[in-house]
Structures are given as structure tokens and as C-alpha cells.
Amino acid sequence: MTEPLLRVENLRKYFAHTKGILAAKNMGQVKAVDDINFTIATGETLGLVGESGCGKTTTSKLILHLENPTSGKVLLQGKPIHGMEREALRDYRADVQAVFQDPWSSLNPRMTIGKIISESLTVTKWGKRAEIEERVRDLLIEVGLRPEHAQQYPHEFSGGQRQRIALASALASKPKLIVLDEPVSALDVSIRAQILNLLKDIQERENVAYLLIAHNLATVRHMAHQTAVMYLGQIVEYAPTKSLFDDVQHPYTKALFSAVLPDHPDLQNDEIVLAGEVPSPLDPPSGCRFHTRCPFVMPECSQEEPPLRETKPGHLVACHLYPTA
Amino acid sequence: MRRYILQRLWQGVILLILVTTIVFFLGRLTGNPADLMLPEDATEEDRQALIETLGLDAPIHEQFIIFISNAVRGDLGDSHRYRTPVVEIFFSRLPNTLMIVPAAMILAILMAVPLGILSALRRGGLIDKFSGTIAVLGIATPNFWLGMVLIYVFSVQLGWLPSARMGGFEHYVLPTITLGTFLVAGFMRLIRSSMLDILDSEFVKLARIKGMSETTVVWKHCLRNALIPVLTLWGVFMGGLVTGAIVTETVFAWPGIGRLTYEAVIFRDYPLLQAVILMDALLILLINLMVDILYAYIDPRIRLAE
Amino acid sequence: PASAAQKGTLVVALDSLGGQNMDPILEGRASHAHFQAPMYDSLVGFNFEKGGIGPGVAERWELAKDGLSWTFFIRKGQKWHNGDPLTAHDVKFSLERTMSKESVASRSAALRRNVKNIEVIDDHTVRVNTNGVQVHFPASMSRAVFQEGQMMPKKYIEKVGAAEFRKNPIGSGPWKFVKSVPGDRVEYEAVDYPHWRGKPNFKRMVILLVPEESTRVAMVRTGEAAIASISPEAIKEVEAAKLKMISVPATMQAVYYLWGTYRPDQKDNPVADIRVRQALSMAIDRQQIIDHVMNGKASWPMPFATFGYSVDTDTERWREWTRKAFRYDPKRAKELLTEAGYPNGFDLKFANTALPGTPYMVQIGLTVADFWSKIGVNIKYKHYEWGAFRALRRGQKELKGAASMYRTAGRPIAVARYTSGFMSKSLSHLFGNTKKGMNLCDELCQSFDKLSLEVIQARDPDVRAERTNRMIEMVANSWVAVPIIEGMGYWAINPKIVGAFNPIPGRHEFGDVFERMPRADQKAWR
Amino acid sequence: MRNLPWIPLTIISVMLFMGIFAPFLTSYSPIDQSLPDKLLPPFWEEGGSIKHLFGTDIFGRDVLTRLYHGARVSLIVTALALLVGGGVGLVIGIVSGYVGGRLDSLLMRIVDAALAFPTILFALLLAVTMGQGLRTIVIAISLLLWARFARVVRGEVLAVKERDYVALAKVHGCSPARIMATHILPNVLNTFMVLLTLHVGVVIVAEASLSFLGAGIPPPTPSWGLMVAEGRGKISSAWWLSLIPGVAITLVVLAFNLFGDWLRDRLDPKLRQL
Amino acid sequence: MSDDIVLDVHDLHTHFFLRRGVVKAVDGVSFSLRRGEVLGLVGESGCGKSVTALSLLRLLPKGAARTVQGEIELEGEDILKTSDREMRQIRGRKIAMILQDPQTSLNPVFSIGNQLRETIAKHFPGPGGTVTQRAIEALRNVRLAAPEQRMDQYPHQLSGGMKQRVVGAIAISCEPLVMIADEPTTALDVTIQLQYLNLLKELQEASNMAILFITHDFGVVAKMCDHVAVMYAGRIVERGPVRQVFDNPTHPYTQALIASVPKMGDQRGRLHTIEGQPPEFSDLPVGCRFAPRCAFVEDKCLSTYPTDFSVGNGHTSACWKLEKPE
């Protein structure tokens, strides 16, 4: 098996939940990410879906080296990224970039567009000034803006344009992977389509891989090659997108899919209305974390944590309903 | 909640230690009290004798250790100047200050809350402009000068009020106004601005949507929330209040702790200075603690946190 | 008659109450003459008309033939506020208490040095044996000079202990102590029997601490206080408000010093040149200061630390001398500077300070600085807070070759000021010093040391006067400590409350005159 | 242009003009005395003359001249105190807010202490220790200011730091120092500027209070605060001594406040709570 | 049929008077709402949906905004003409509203019981016990577990979904005729959203109230609404029964909007997009507001705003394309 672009191994991130200022008292741990594994291949998109607070952003931050994992590894082309030397980290920074959800807060309002886009080039001393400017021009054109925009400030742009700028700045260092944390959720329906199209075009052109985090299943369906479904810090289902959408297996995934409102009044989902609230990540349920809300709950669910098992080729599910493939 | 208070207390103790240490050493840099107590033609001999009497001949760190170990036992020493236990002096003066400071605060609240709210409600209106002017005047007028103008107008010219000193109710009017003015100004600004934010908030919108009357919206839904930032910035006001107290007490010959503190500095009365600052800090701490409790009372997010 | 009955309360507002300590041995500052004087009598009293000393607890005193002891004859029929009689035992007790180690009274150390022992001859006679001849000893027992003569009740203190005495002190004066609130006020009640100092016309008295001057004036205006101490700055306000202004003549002298002029390292300092020093004096228009800064309520100064009531001095001679010597002559001043080689002036550091309660010293200083700059001296003016200034004076590091301002209180015996200012062993040692092996005492300094000792010990009044005048001359001609004006004590009085009275010349404080103050209905002001 | 706050700007410019060109605006010296001319009233009062438009003080110095020169001193004090106090507060606020953790806790405890503690006492102690003077005042007032600035700036930094562009800057490979300098600092500058303008009044009045307590600018140098403090005893007989500088202070404080409000509305309406 | 109309909005114009100019946020909006009908109002962000809603309640930001023209008839009475007092009686009681963000729409310093009771006490004054009973009942209606205990809790102690249900309980507690729901589920998770929408639907059907459902999610419209109105730049451009509009969108904007939504079914094609930006409110085009972005633009579109053309069955659309040649 060839080494994938990115590999995430047994990754965990626990946040100490503390109270108090001087005498901090540990009030427990938020298991934001709890033992997850996945890989992303060069030029492909992994979609990561799940309820709010299930740990999607935390995962992305770990991959972006913005947080240190409690345990586990993130490997880029086989090299673990945490605990790297400065030099190596700098290279890593060039290889992995990001676009975040909120176009209004992802651009520094005090910097020109040109500065924003070229920042990663400037800090890594990527080239001469003229070269950098040339690159900024190209990038602006690539994301569908005009080179003159380099002189302008973010407030002069609309949300969609800002997201393009954010994308340009992510592309600047020719990354191999871009983490897209809900890149279109804050945008209007009509603008969303533009950005999604653009993302696809770029992937085709640059062969860049995406980690696409989204709420919206349709978006993931549209964009991703692989999809992972997270619930309370864990991956409960992980499969090629087509396989997942055609054959939803995990009860939570089912519930999630059923909650997607059909676009037409005549279409009807078999709605699985989940009972109760999302449990607190401070105190996750024992056994299968979903068992408190699961419509198919079995006695062993509260006892034993189901491992991720392959039920079909490439289709992994963590549920006691699917003992083996 | 209990944790919260305990934590505040714990922080307070650290603050006290910090402040006391600074004051102890900074105080000793200011010159020797013997120089101030001795007559103009005293000899070096007289001076040495007095320094010994005052216990200032020991090395400074020893003095500090002695001070701390005595302080822990509750003995803060005798004032050089008054030759009486400093704690006694402090507590004989404290009530006097405790009579004008709360009065000033009450005045400030009584004036600032309605004015702040009204000017937020009628932003840009007459009341807003009027109270804005008052606020700037309150900020821009030095306390002492205001006090003197008040004395001149209300006691000397009009003869309505006594000009200084403690006494019956009428004696409180001018000092309270003098001390309260900057508080009024500060509170008013703050309440106005937080009211403006709150009036924009969704929950106020919801209250209106529910059909609540303006009175309920303003005095129930807004006020409590508007007080939260006021309490958050309480510390800033406390510092100013002590300054105000020093100045006001000087102008009105009010024998309070503000003036006592000032004199302790000027006369290099180390034991008194140390004690007074320690007690001032303690007092500020207690008031802040009370404010914190009030804060928690107003804001359930704090009250109900573990 | 009814009008003679004691009634009402006399409220006095002061700028400072010092330590507000009611135990005479625990108060070292001048303010004792405000709030201790009403209740304590002094062994020697005042000359109420001329100023200076007069009879007190002792009716008279005499120097022994050998000059080594003073005998005091105690006035009969005096009593303490608890009714005990005041006797020679109390006098001995008081002096010894004042001399004790515990005492911080201003001259306790001097007393310890000067007094050998004290003998009670009988109930009304007491003898003080001194170390060497102490011609000025009785004077130092008067509040006109110092506070060490204050009488304390032996029996009472021995019975109740010092601590209780401090809380509830009794004295023998015309006012009984009622209450002292530190930092605020002292309250008294008048004695209801005739007292040799006079029987108070008011029933009660309250002495208030009101630090802010305009508040004091306002209080007198509104009648909240009957009397307030003021500075010359407030005179106009007081007069405009139709209040009575009392100025007590000759209570102080404003002086400037030039420090360390004798030091070798100051050799090149312009002020080391006597011509420059004289020029500095001539540059000052004293009359303008009197007229405008002191609002006319001040007078032409006598030589350093001397006043009209000073003993052993040739008042006429010095009055005449100062008229000329202290004249305003900027032209001559410039010439002197040119002669000294400073036609374009020079830099001079000038340190000013104001004792609590004398804010006008700042103004005088500023005016002096201004006059000096007018003859081309480049003044580096710096203001010091009082406590900081005193510390400064001790080390003198920053003061070398600099000028400073000072205020000396009016006292009938000039010599003490001279010794503390010029003797080589003194704190100020303006002529030079002999401390720490550095022998910086030149001819002038040595002859001054010798002369001042003679003044203290000369028993023959004529010799003493001659030496005193020579000493004055020596200092006057050195232009090192130069008087600027003779100042007064200023008080605002509400004439609707207090009637006409006379202060004691030279004694700014009213502690010894409160009992003499009539109510407005008793004696009107003219 | 049309929306500029003209009135405050005019007042502020007048003060700046007075301060900068003080020596050229008048033929009098601010410190040279002329005792016979003392306490002349302003020209419109009886006894006043147009030689001294705003009258003279107790030394016969021209009040208007002292007002000009006082503007200069007050400006210097204000500028320095804001520079030092504001600068320290800005740096501490940024570092504390950005670095967070224990450093932040520690710094904020100190800020709390400094805020609650009567700085005026430290000012007095300083004046007594170091002697009166510009330096003392600037240090003393800076002590008063830094904590406020630090606290507000920190609060702002906490908000700014959560913005995505800060995380992205890290992703781009910026060092913490660079992030603080290029991403945090410029974005808290608005707040900082508004705070600065609003604190002009605080500084001027603090300086006056210190003068009152005898720890301000030492005479004869004029400052507006000192002029008010010096003239305070003459409210009834020579009102112009304290009223004129007092009005000047009020106008300038008013102007800076209006300007600050305007700036705030312009730069960041969310900053109302200052 | 028309007797059933509870709310009839006719030619509503609400403008913001700002320093930089007049923002015609709502510029000639008309619609009506029948008893028991759920009308969806969709459109891009900033097109004027919320302002329309607030105009109905007369709760526009004071000073800045004013309804300058139009009628809002509630049960036949124009509420734009009623007094403030009467209006307060109408709010909450006859027209209730649920706001978008449950995090901020509850007052953080009062318990939810307090906030619920005050509404009930205002519109159904009565003894405290009754009010409390009613409040508990309202919480129970929105399926909040252990409503008695919840009464004493504060907003921060509840999850987002629970808070939104409390807001719903407040809105429904006074049995209003009309409920305005302004994007009530955008802040919620999909699974919670589904719960909430089901609940709303159930309550609506039970009480037969009319809902004006503001959203920009076609899925939500499809699930909840009987009719839908599509808004663009301050005007309703198309309106009709949901099915009809979904099956046969006639306005180019509606068409483009529906086409640009990624579908669950298909994968990895290119999405349809609408180029360009919505116009600035202070600088609206004279003609059709969508004209600058429209694929079918004609000269007429640029000069004259189209009138509503009926496509039958109550389905109308404001596009010149639909003008029948005379």
C-alpha cells in the first residue's frame, strides 16, 4: 500500500475543562477528538460531517498544527507533524493550508488583499518581491478576481469574494492539502455554488487534496471522494462517498441523513427523529456513545464500545448492528 | 459560587501582600520621619536618639520582618506621629469616610441610572445632550475645584449649607456632590453605552415582540443587564473614589481615611502609612468582593457556575 | 455681671495640628503652641506687650552667683485641673520627664546636655543646676522660645500612668482638655475659676484642623469658625469679606541660604565670591515683596534671625544697617557681578520648600528667583516637599553651591539660630564643618565657633551684647544667610463672634491668648 | 470631510496651536513677574485692560500667556503620560491577551490590583521620593493609565485572537511576534486610539489633582492643572485665575471626548463601553 | 375563502433613512396569510425578509426606519393605524415571533419561567398559580422534559435546541393568530432542526395558526410551507403554492436559486451559479432588480419594473418574460 498524503492515527485531543484563575481546578475533560483514524489521498477530498460540537474543527486544528494532540499522530507523507523541528514545520506550513467558515473574520481587515495572499510567501521568504507580486496576480486571476484587487482592503469585498481571497491565500504556497472548515456555510445559496465550483476546478488543476468539513450532506456528496461521519469525537462511519450515500449503515448516520430536508415537498424521507439532546462531551455515554439516542439500541451498546469494522470493501462502521462484513 | 468567592478572597490576599510590600519599601525611600519630627535646630545626636526611639535604626529587611510578623499577629504598630496604635486611628476615621463614600455612590446611582437610561432611550435627544454635558463636566472638572466652587456658592454666598466638617445631614450635601460627580459621570456614560448595546439585543427585541410595555422592557430587561458592565468596571471606579476621597476630605476638612492616608505619606508616618494602605486595600477588596457577589446575584451565569 | 459669664464656643480653624499629641513630651513641633498651650502652663511665660519672655508658673528666677544654677520661684495658688496644687515637685518632675529618653520634645537633648540636676528647695522654690553657664536657660523654659517649660502633673501621672495621661491629660492652664480626635479637632472647656493667665470668656473651645485655606476662610465667613489661620495670600479675600484681619508682627523671617560656599570644590562657584552674594541680595526688591506678595502685611527685615524683641542686640543700629544694606539696587548688583567676573550672569540652583502652613514661602521664593533672573542669573528653580527638603539639608550633597529658602520662627534669643546655622558642628554648618575628619573650618568658621560659645556663656549682659552684635555682624557681612522680609502671623477673625484682643508680638500661635479673647458682645472691634 | 467633527477639531487645534506657538503668541513671559501689576482682572471687568486680556495672576503674570504656555506643558504631560501609560498598557494587553495562560492570569491580577489601588497614593509617594516634576507626574499618571489600557486592550485582543485570520496566519507560518505585530496590533489600534482620546481628560484632571495635593508640576512652570490649583483660593476675589484655565480644561476635555466619540463611531461602534 | 385571511399585507414599503442615503429594504411587498396557512419567505441574505417581519410588528429600529407606505391588515384592521398601546396588545397575543438565534434571544439574567410567565401574565392576566400552570403547560407543549424544574433555570443552563424550544413556547403560549418565524432553525443542528420543525408543524396544525416562515433553506420550505414567496432586493418576485413553485419556477431568479443548490442525489457535476451581486439598496436599478444578473434580460427589463403575472393557481411571478403578447 502506498503511503497516502495524510494519515491520521489514533488521534486524540482532550481539553482540560478548568475553572478558576489562579488555582485552576480540573473539572474533567472534554474529549473533543477521541481516537480517530483516517487518510487522505493526494488530489482527493475527504468529507467530514457530523453534528455541531462533535470535534470536526478540533480535528482540523490538529491537522493544521494549531493544537497539539493529547495522543496519536498526524502524518504528512509518512512524517509525523507534531514535534517537528522549526525548519520542517515551515515546510509543513507550506504544504497544508486552510480556508475557514466565516469569510468576515478570516481576512485581516488591516491588510491589503495582496498582503493577505502573499503572507505565507513572505514569511517563508519564498522569493523576491516582484516574484511574489507576480504570484499574487496569478492567484487572483485563478480564483476569479482581478489583479487590481491586490491593492484593496477586505471591507470592499462581498462574502463570496472574500472566500475567494481566502482560497487564493491558501493556494499561494502551492499546498498539497487544504483544510476547508465549512467553507460555504456562511454564504448564500447562490454564492455557495460559485465557490464549490471553484474548489472543484482548482482541485482538478492543482491536484490538491481537501479535507472538507461540512454540516451540509449535499455539499459533501457533491465534493468528497471519501466521507467520514463523526459523533461525539469519534468516527462512526467512514466510506467512499458513493458507498456511504447509497448505503447508510450507522444509525446515527441514518438519523443525520434523514434529517436532511428533501428539496421538494413531494419527496419524503423516512425521518428518524432523534430523541433527546446531544450528550455533553464532558461526560460522554459509556459504550457506544450514540446509544442514548439510538433508535436501534441493544443491551450491549451501553457496555461495549463498538470498533470500526469494515462491512463492505472500504466501508467502515462502528456499530454493534454490524458485527462483521 | 462559594468557589468564586473563595477565589476572589485568595486573589485578594495576594494583592494585599503585594501592596504591603511595595508600600513598605517605597515608603522607606521617602526619607526619614525623624527629619520631619525634629525641630529645625536639632543636632545629629537628637536625630539618632529619635531614630532609635522610632525603631528605625535596624536594617530595612529586619524592619520588614518585624513588621510582617507583628502584622500577622494583628499588631500594626503605633503611629510615629500620633503615638497611638494605627489600627485605632484607622478605625476612628473609617466611619467618617464610610459616611460619604456610600452616599456619593448612592447619589451617583440615583442620578446616573435614570439619566444614563433615558439618554440611551432618547439617543441624541435633549436629555442625552444634557447628560452628556454633565458627564463631560464631571470628567473635566477637578474635584477640589468643584468642591470649592460649591462651598463658595452654597455656603458663603447663599448661606444654605455649611461649608465644611462633619455634622448633621446638611453637612453631607456638598462633600457627597463633590465626590459623587465623577462617579455620576462615569456611571452615566457606562450605563448609557451598555444600554445602547442592550437595546439592540435580540432579547429586548423578543421582549417587545411579546408585547411587554416599554417600562418592563427598560426597567426589567435592560437595567439588570446594563448594570453588569458597570460592576465589571467597578475596580476602575474604586481607584478614582479613593483619590476623590483624599481630595474631598481635604477640601471639606473631613476626618476620613482618605485624608489620613495622605497625611501618612506626607509625614512619613511609616506604621500609619503601612497600616492605612493595608487597610485601604483590604477595604477595597471587601467592597470589590461585595460587588462581585452583587455581580453574581445580577448575573446568573456567574451565580450558577460551579 | 452677666456679661462676664463664660458662654459659647470658640471655634478655631488651623491649617495644621502637627502630631496632635496632648502629651508635651511627645510633640516636637511648633503647633504645640496652638493646642497644648491652652491647657498647659509653662515655667516661664510671655511678655504680652513687647513679646519675648515674662513671668509664668514661676513668678521670677535668678542666676546663682557662680552662674551654675538657676532658681525659680513658683507662683502660689496654682492648681491642676483635678484640683491638686501645682508645686515645685511638679516642676522638677516635668523637667525630668522632658529630659527623659522617651521625650521627643524639640530640645530635650539640649536639656539633657545642659541640666545637671534639679533640686526642690521648698514647695515653691526649685533650683536647676546646669552644666556650665547657661545664661539663656530661663528663656528656653518659655513658649516664647521653646516648649520644654510646660508643666505636667506629677501626682496624676504617677497615679494613672503615662498611657492614661495621654488619653486624659490634665494641665494647669485656663482650658481643660475634653477630647482629641486625631486629624480632626481638640476640644476644651474653660476653667471656672480665676486663672493667672486670665479666665476664658467662652465656655468651650474647639480647635479644628482644616487643611484647605479657602475652606478655612469660608468657615470664618459663615461663622462656622471664629478664627482661622491664613496666609498673606488670603488677606484680600478676608478684607473683602468684611472679616477682621489680625497680623501678629515679627513672627518669622524669610531667609535664603547659600550652601557650602566654603568648600574647596565650590571654589569656582560664583557664589563663593562674596561680591556675587551681595549682588544677589541687592537684586531683591524687598519692598515689592512686602507690598505685593505679603499684601503689605510684612516688614523690612532685621539681620538674620533677629527681631525687635530680640535680646542682647542693638536694635537701632541694625535697623539702620539693614535699611541700607538690604536696599534694592539692581544696577549696583550688576556691577558687582561684573567685578566678580560674571557680567553675563551664571547658573544658580535654587531649592525652595514650604513648611506646612506656609504656602507663601513658595511665592516669596518664586519672586526672589524672578528678581535674580532679572540681573542675569540663570535660576534653576526646584521645589521640594518639606520632608524631602529636610533630608536634603542633612546630606547637603545636592545643596552645595545652591541657594535655598527658609523660614525661621521669631524668637527673642537669636543665638540659637546662629549656632544651628553656622557652627561647624551644626547641621547646616554654613561656614564650614569639622565633621568626619575633613577640616573645612577656615578662619571665619573658627572665629564664629569661638564667638558663639562666648555668647552663650557670657554672664555680663554688656559683654554678651557686644559679642552678640559681633556675631550678627559676622553673619550679616558674609551674605550667606540673608533675610528677605520679616513676616507676620495672619489670622482671619469673625468679628461677630470674637471681640477685640491683642496677640503676643512674635508669637504666631494663639495658644496663649485664647483665654484673653473677648466675645463680640463684650468688646467690639474698632 | 463633511462628516469631520469640526467643533472638537477646532478646539483641539487651538490648544495644539497655543502649545506649539506659545512663545510667539505673546510678548509676555509666562514666568517673569511684575508684582505691581498683580491681580488685574480680565479686560471686560472694571479695572482690566486689553494689555492683559485675561488679567494677571498674583505675581502680575499675564494669565493668557500662562494659558498658552500651560497648554504646552499640559500637552507634554498628556502626550507623555498617554504614550508611556498607553504604550505599556498596549504592549501588556496584547501580550497578556495573546499569550494567555498563566502569564495572562498573573498580568491580569496585577492589573486588577493596579486598578483597584489608589494610584494617587503612589503618585504622592513618588513625588515625595523623586521630587516633584514632569517626570514624576508622567510616571504617576502612567501608573494610573496602563492598567486600564491593558485591560481594555486585552479584552479586545481576546476577541481579535479568535478571529480566523489569526489562526490562518499561524497556518501561513507566522511567528507569534509577527502575529502580534501585524495581525493583533493593527486590529486593536482603533480601540486604543479611542481610549487615548477619551483619556486626555483623565490625564489633565489627574494632573490638576496632583497639583492640588502638592505633587504636581512645580511652579513657576504653568500647566492648566496647576493654574486651577493655584487660583482655587481666589474664587471670590479673582475668579479668573482658576475659572479661565478651568474652562480651558473643560473645553479641551469636551473636545477630546467628542472627538473620541466620533472616532469610536467611525472606527468601531462596538466600543461604546469605554 | 377570503374570509379566512388573517393577515393581509398590501404594498408595504419600509425604508431606512441613513446618512448615506435611503435604503429601501422593503419596497412594495404584498402578501396575505390565511388561517392555518404556512407561507415561506425565501431569498438571499439582506433581501429584506427580517425587515418585512419587523414591519408587521412595528418594531423597526426607532429613528432609522419607517414604514412609509402600505397597509397591514390583521383581521381586517390596519395595524399601522393603531395606537402603540393597542399594538402592544397585539404583539405576542395576535402576532408572535420566533427569532433566529436562541443563544441571544432569551434574557440571560432572568429564569426562563420568569420570561415565560411575564408574557402570559401580560396577555392572560390572572392569579400567579394559573399563570405558572399555563407556563408549565407551554413548556410541556414544546416537549421540554421536566418543565416544572426548567422554570427556574436560566438560559445558559439549557442547550441551544432547548432554548429555541423555550422561545417557541413563549411565542405559542398566547395562542397567537399569526406566528412569524424568522429563520428559527439556522442556528440549530440538522437533527435538532428536524425535531424542532416537526414540533412546530404539529403545534401549527393543532392550533391552526398562520405562520410566516422566513428562511433561505429550500428544504425547510419544502417541509413546512404551503405557499412560498421568493424575495429579491426588497420585493417579492415570485409567489405561489410550494409544489408549483418548486416544480415550475417561473422567475429566472427562483430558477437560478433552485438550480444552484447541491442535491443529495447527484454527484460531482458543476453547479449552476448566478453571476454577480445583488444590487445595493441605496442604488437600485430602475427596472427589474434582477436584470443585471439575469440570463434572459431584455431592454424592457432594464427600464421598467415588471408587474406580477399570474401563472395560474395563485402562482404569480414578476418577470416580463411572462407577459403574454397582446
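Note that the chains take the letters A, B, C, D and E in the order they are written out, and that residue 1 is the start of every chain.
As a working rule, a residue touches a chain if its C-beta (ideal position, glycine included) is under 8 Å from a C-beta of that chain, and two chains touch if they have at least 3 such contacts.
What you see is a predicted model; the values in this text were computed from it and never measured.
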item: Shortest path length from chain D to chain E (each step joins two touching chains); value: 2
item: Pair exhibiting more inter-chain C-beta contacts, C-D or A-E; value: A-E
item: Relative to chain E, chain with the most remote C-alpha centre; value: C
item: Chain B and chain E: spacing of chain centres that average the CA atoms, whole Å; value: 52
item: Intercentroid distance (Cα basis), chain D paired with chain B, Å; value: 22
item: Between chain B and chain C, centroid-to-centroid distance (C-alpha), Å; value: 39
item: Approximate Å spacing (C-alpha centroids) for the pair chain C, chain E; value: 89
item: Touching two or more other chains - residue numbers and ranges from chain B; value: 11, 14, 30-31, 144, 148, 152, 156, 250, 266, 268
item: Two or more partner chains touched - positions in chain D; value: 109, 128-129, 232-233, 235-236
item: Touching two or more other chains - residues of chain A; value: 21-22
item: Complex interface listing, chain B residues touching chain C; value: 30-33, 35-46, 49-50, 53, 81-84, 89, 92-93, 144, 148, 151-152, 155-156, 159, 162-165, 250-253, 255, 259-260, 263, 266-268
item: Residues of chain A that touch chain E when the two form their complex; value: 51-52, 158, 188-190, 192-194, 196-197, 200, 215-219, 221-223, 241-242, 245, 255-256, 258-267, 271, 273-274, 277-278
item: Residue ranges of chain D in contact with chain B within the complex; value: 109-110, 112-113, 115-122, 124-125, 128-129, 144, 148, 201-202, 204-206, 208-209, 212-213, 225, 228-229, 232-233, 235-236, 242, 246, 249-250, 252-254, 257, 270, 272-274
item: Complex contact set, residues of chain A against chain D; value: 21-22, 61, 64-66, 89-90, 93-94, 96-98, 100-102, 105-111, 116, 119-120, 123-124, 166, 169, 173
item: In the complex with chain D, residue positions of chain B that touch it; value: 11, 14-15, 18-19, 23, 26-27, 29-31, 136-137, 139-145, 148-149, 152, 156, 190, 193-194, 196-197, 229, 235-236, 238-239, 242-243, 246-247, 250, 261-262, 265-266, 268, 277, 280-281, 284-285, 288
